[in-house]
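Structures for review follow.
Here come two complexes built around chain A, the first alongside chain B, the second alongside chain C.
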Partner chain A sequence: MKKFLKNNAVQSLIASLLCIILGLLIGYIVLLFINPDGAWDAILMVLKNFLKSSLAKTRTKLLGATLVRTAPLLMCGLSVLFAYKVGLFNIGAAGQYVAGVCASLYAALAWGWGWLPCILFAVVAGAALGAIVGFLKSYCNVNEVISGIMLNWIALYTTNMILMSQKQQASHYTLKLKGNADQAILPTLGLDKLLKNERASIAIPLAIILAIIVYVVLFRTRFGYELRATGNNRNAAKYAGMAEKRNIILTLVIAGGLAGIGGAMLYLTDIEQWSVTQTSVPGMGFNGIAATFLGGLNPIGTIFSSFFIQHITDGGAFVDTTYYCSQISDLISSIIIYLCGFVLFLKTAINRGIARSEEREALREKALAAQAAQTAKPENVSANEKGGEK
Partner chain B sequence: MLLLLQYTLIFASVLLLVALGGCFSEHSGVINLGLEGIMVIGALGGALMMRWLPAGTSALVVVLLTLLAAIVFGVVYSSLLAVACINFKADQTIVGTALNLLGTAGATVLVKAINTAANPNDHSATIQYIEQKKAFIHYFGSFEFNWFMVIAVVILVLAWVTLYKTKFGLRLMACGEHPQAAASVGISVFKMRWSGVLISGALGGLGGICYILAGVSQWQFEYGVAGFGFLALAVMIFGQWKPWRIGMAALLFGFFRALSNVYSGFDFLTALNIPGTVYNMLPYIVSLIVLALTSKKSRAPKAEGIPYDKGMR
Partner chain C sequence: MESPYAIEMLHITKKFPGIIANDDITLQLKKGEIHALLGENGAGKSTLMSVLFGLYQAEEGIIKKDGVEVKINDPNDANDLGIGMVHQHFKLVECFSVLDNIILGVEPTKNGFLQKKEAREKVLALSEKYGLQVDPDAIIEDITVGMQQRTEILKMLYRDNEILIFDEPTAVLTPQEIDELMQIMRNLAAEGKSILFISHKLAEIMAVADRCTVLRKGKYIGTVETKNTTMEQLSAMMVGRNVNFHVDKQPSHPGEVILDVEHMTVASKVHKKDAVKDVSFKVRAGEIVCIAGIDGNGQTELVYGLSGLEPLKSGKLTFKGQDITKASIRKRSTSGMSHIPEDRHKHGLVLDYPLEYNLILQRYFEREFTSAAGFLKRKPIREYANRLIEEYDVRSGQGAITPARSMSGGNQQKAIIAREIDKNPDLLLAVQPTRGLDVGAIESVHKQLVAQRDAGKAVLLVSLELDEVMDVPDRILVMYEGEIVGELDPKKTTQEELGLYMAGAKRDEVKA
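Take a look at the complex of A and B:
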């Protein structure tokens, strides 16, 4: 049992599950305060999402809808994760995601590019934004969180300005890809039939493959080792001959590219159109932060956690609006991020507990050995032993 | 022109209040990235107070109670950051970000619930305070004077006196520079950091209510405060963590923010034919440039962002 608990992956899993349970519990309490009547149903609905339907066909369709949005969320999560492993907090993922949306939609609608070049262009756009943050961080010592936030807003307004030329005449949404740029819609590879959802596309397997690639790069290559070393101690990495400035910029370029793909992955399915009068940065990038930390800072864990975050976000949309609004799932995921801040403390506490009990055991064994040497009063010894175990 | 001055002053007041909040927190050694969320919650407290005060309340009472509500909400909310970052040594960046997201989501959920409870068909997250807002405003000719302009200056002076002229302020700053040294002469680092964060909560809450009272007379809580908490952090860095310089920086940033509100009133600016979104972006672009130029030789408190560990040297 103790050996099992000592395992880092197990600890991460326990911590994440605790965060989820506590997050749901606190969310439930908040709902109870707002309106005690529907609180339990609302939480159940958030948790059920696609399971709410009794028809198998609708269930698969709704699951497909969640998966379509999980792919871009996973990319944003990977972006945050990649940077975090190098000691950088890429809150700019939200803006890099927007840049990806902008590039892919513009290339598709204005230039008539195919889906693959569109995705690549989105990578470039996101990476460019990441490069700015990286450059400012390594050469001008600007805190990457603040520059990231500034770039989020700059990216949002620039995107609105650029996509203005591609909007529908009667509304403030961009043109649909279907009918205007069919070549740019992501191929489905039969996933649409499997999930009974026409939006299910190559984006879903692609995102999972990229998660595995990120894992391999970070933990199984020299390059990844250098990046992580830079994250652990910038000066030590520099001393060991690693180009720490280049590593920081490169990290944010890669992180930006990952978030950029995310933008393309959602909008090239034609599931929704961009509103050019939008005045708030889309939440996808911020939810990515939740996914990363909930996933125990592991790319494979992030696959599951981003599905969970998207699952409860979609579930929130089904909540009875006479009682609550759909934002309760945002509330729950932000509580979960807050709780993730305590994970380190929890892990230290577990390890300390294990160490203490091991120490106690060692002491007891010693005492037992000492007592075994004295043969007097054997019954009392066993009684003491039992008391000690309690 | 007068309009530009008015908006510059009011936005500068917001930035000044919040940046001073950040300044207290960072001088005590805690990076407060949750200012944005604290602003939202402070604004929520003030707006709710204005909504629930009976119509005939005298102006002074409205002002005082609204300010009090904003401060209380801000302080209570910032204690979430303090508990996590000071007592549990959590990562200050994660917790700050969580507070930002939680602030907007929580305020939206709460306001929507209150609106729907009052009127079942109302699913908006908007609070109106047209009447109550008048308590904060005086007209000098066409110049709309807002009491927050005075409050901001008073707090600036108070902040300077507290930080540099009192025992408390000097001890607070010591905890941000070298907490172990401070502890060795009997200063409780935990208490100092807690007070730093709580003060930043109070000022952040004040800044939040000031922000939603600037210009508009209703607020949609889904929108949060549009990155103002982070602009304030940029102001603080540009001001090199010193109150007077923060004041100057706030004026500069307030000016660029005001431009996006009033650029259409200037003939030569409209003649340039720049799209309005460019003016919207301006404060963020300026802050990026300013940060790039000033961060290199910034004198941040040395121990900021590092959880206090008694055993560390």
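Take a look at the complex of A and C:
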């Protein structure tokens, strides 16, 4: 049992599950305060999401809707994770995601590009933003969190400005792809039929494949070996002759590219349009941070955590608004997401607990042994004392 | 009847998961005596002191002060009992004056305002009484290490501590400063203070201590009167066998010049002065050259400049006939330079990587370990690691996959040495390769250095340990304040002469 608990993967899983339970509990308490009548139903609704429906067809459709948004979230999670393994906190993923949205939508609507070039252009845009952070970090020693946050805002307003030319006449939303740029809508590969949801596209399997690629690159290649060494001990990496500056820039370029794909994956499904008057950075990039940590800092774990986070976010939308105001869904899911960040903390706590119980056990054994020794041969003790005197 | 002991630690046992750090240890400190606590690294000295200071709670055993049992739950309790400690690494505020540091934490105040005048009087009186010369208004970062240590001692005396603990106080001092410290300790003892002197330097213990308690691997070995014992006896108690203090080696046969350093200057990271000033020397194949000196005289920066970790400000480096002044770290490494770094945690290891990944740290990019497509070859890596573990006797819990973090310091060092020597270098930069190792491990490292030399390699050893400086190399270069102030032949010089050079009291013009 102890050995089982000491396993890193098991610990991550347990810590993640504890976080989720804790988040649900606190969310429930908040609901109780606001209105005790609907609290239990509301929390169940958050957890059920697509399962709430009694119709199999609706269930599949709702599951599909969750999966459509899971793909970009996973990409943002991978972006944060990739940088984190190299010791960098890529909070700029949010801005890189926006850059991806901007590039893909503009290329689709203004230039009439197909979906694949649009995605690649989104990668370039996200990577470019990541490169700026990387250069500042390597050559000017600017903290990547600071420059990342500031670039988030620059990316947001630049995007608003650029996409202004592609907006609908009567509203502040960009044009729909359908009818204006059909060639840019992501192919569905039959997933739309399978999930009974027209938005389900190639993005879903692509995101999962990319997660596996990230895993392989990080843990199986020379490049990943260098990156993780740099992340764990920059000095040792330098001592071993690794090009740490180049690696930092390359890492943020890749992380930016991953987040950029995320932007394209959502908007090229035509599920929503960009509002050019928006004044806040979309939460997708920030939720990616939570997904990474909840996923135990593992690319494969992040696949599942991304799904879970999207699951409760969508579930929150179904909470009964006769009891609660409409913001409650975001509040509950954000409480849970917030607590997801505590995974590492809980992991340490688990480890400490194991160490303490081991110590206690060792003590008990020693006490028993001492007792046995004392009863067996008392002369041993006096011999020891003599040793102390000489 | 009054107890003759100032402090007694009786049958102390303290365990950590997996090891017994202190196993039934008894230490009795008489009033007014200097009592040495001797043991190798890892013998349990630090743990015992942590128990005395209440940082750890012992599972068994009791502590008595003046014959009365006391409970020490945290360092404040220890302070209240009059126990004070001079740490190996001083706990001083660098930009404060000596006086400010002494009163720190016990500042005399009136209505919230500092009353430095009376504090100054008390400090001056104490320094007079015990012969501790300090300038109360000097700023810590400007004064010598010896004076910083005296400040630490005054800190204890200012708090009226009766029991003074010195944790390896001589490690940072010059031989002359060590003599002064010994005299101060004798003065303190003569005034009735009880002194516990933690050390693993036998000569110092014999010179200053009245009695000596020896620990080995967490166990109590015994307490002896120093006047009734010999260094050999003490050392045998410490390591459990007689140790060969001298390194057996044949005369060297230096060959061609491997490393030629000309007018090398390296800027300092911490202050505006240059850390290495216009240094020139050569290292030949088949010889061990030792850079000796007190810590902080430019040795670290010299090595950084040689290995490429820091750029040179000026000067030229020639390695095997090639100009490497501007070469990258990787270039220097692949062209035959190995580097056992000073700080194994900072530079030498990626602590969260398994041992096998650390063993390929300098060679992971070679075709042997990485495929053409950039994938790591896991099987060859494992086999290579297993061979090194076997050959260099690197011990760890789970073999090749043990996280480096969970290995003991000695085995971490062995892993680094294995990695660097197995690269088959032409030049081995060994910076304090025996730091933190026990006597047995030190012996084996020294043997390996000599073996490298005998195999025709050039070895540049940087060491702070006088014994090592005298025994291992074929030539000694002494560094003082960034310059090479003397070249000595270890067979012809004495520790005293070496000390004079190290302390800057003597210097020659050294030609490259």
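Assume the second predicted complex is superposed on the first by the 324 of 390 C-alpha atoms of A that agree within 3 Å, B and C clash if a C-alpha of one lies under 4 Å from a C-alpha of the other, contacts with A are read in each partner's own complex, and residues count from 1 in each chain.
Keep this in mind: a residue touches a chain if its C-beta (ideal position, glycine included) is under 8 Å from a C-beta of that chain, and two chains touch if they have at least 3 such contacts.
Since this is a predicted model, take the numbers as computed values, not measurements.
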item: Contact breadth on chain A, by residue count: chain C or chain B; value: B
item: Partner chain(s) touched by A:G241 [first = chain B, second = chain C, both, neither]; value: second
item: First (chain B), second (chain C), both or neither touched by A:S334; value: first
item: Partner chain in contact with A:T158 - chain B first, chain C second, else both or neither; value: first
item: Chain B versus chain C as contact partner of A:E359, first or second or both or neither; value: second
item: Touched partner set for A:S54, first chain B, second chain C, both or neither; value: neither
item: Partner chain in contact with A:Q169 - chain B first, chain C second, else both or neither; value: neither
item: Interface residues of chain A shared between complexes with chain B and chain C; value: none
item: Residues of chain B defined as touching chain A within the complex; value: 33, 80, 84-85, 88-91, 93-95, 97-99, 101-102, 104-106, 108-110, 112-113, 116-117, 120, 123, 125, 222-224, 226-227, 230, 233-234, 237, 275, 277-278, 280-281, 284-285, 287-288, 291-293, 295-296, 298
item: Chain A contact footprint on chain C (complex, rising order); value: 11, 15-17, 24, 26, 59, 220, 222-223, 307-309, 328-334, 339, 341, 346-353, 357, 361-362, 364-365, 370, 374-376
item: Chain A - residues contacting chain B, complex; value: 30, 34-35, 89, 91, 136, 140-143, 145-147, 149-154, 157-158, 160-161, 279-280, 286, 289-290, 293, 321-325, 327-328, 330-331, 333-335, 337-338, 340-342, 344-345
item: Contact set on chain A toward chain C in their complex; value: 220-223, 225-226, 228-229, 232-233, 235-242, 355, 358-359, 362-363, 366, 384, 387-388, 390
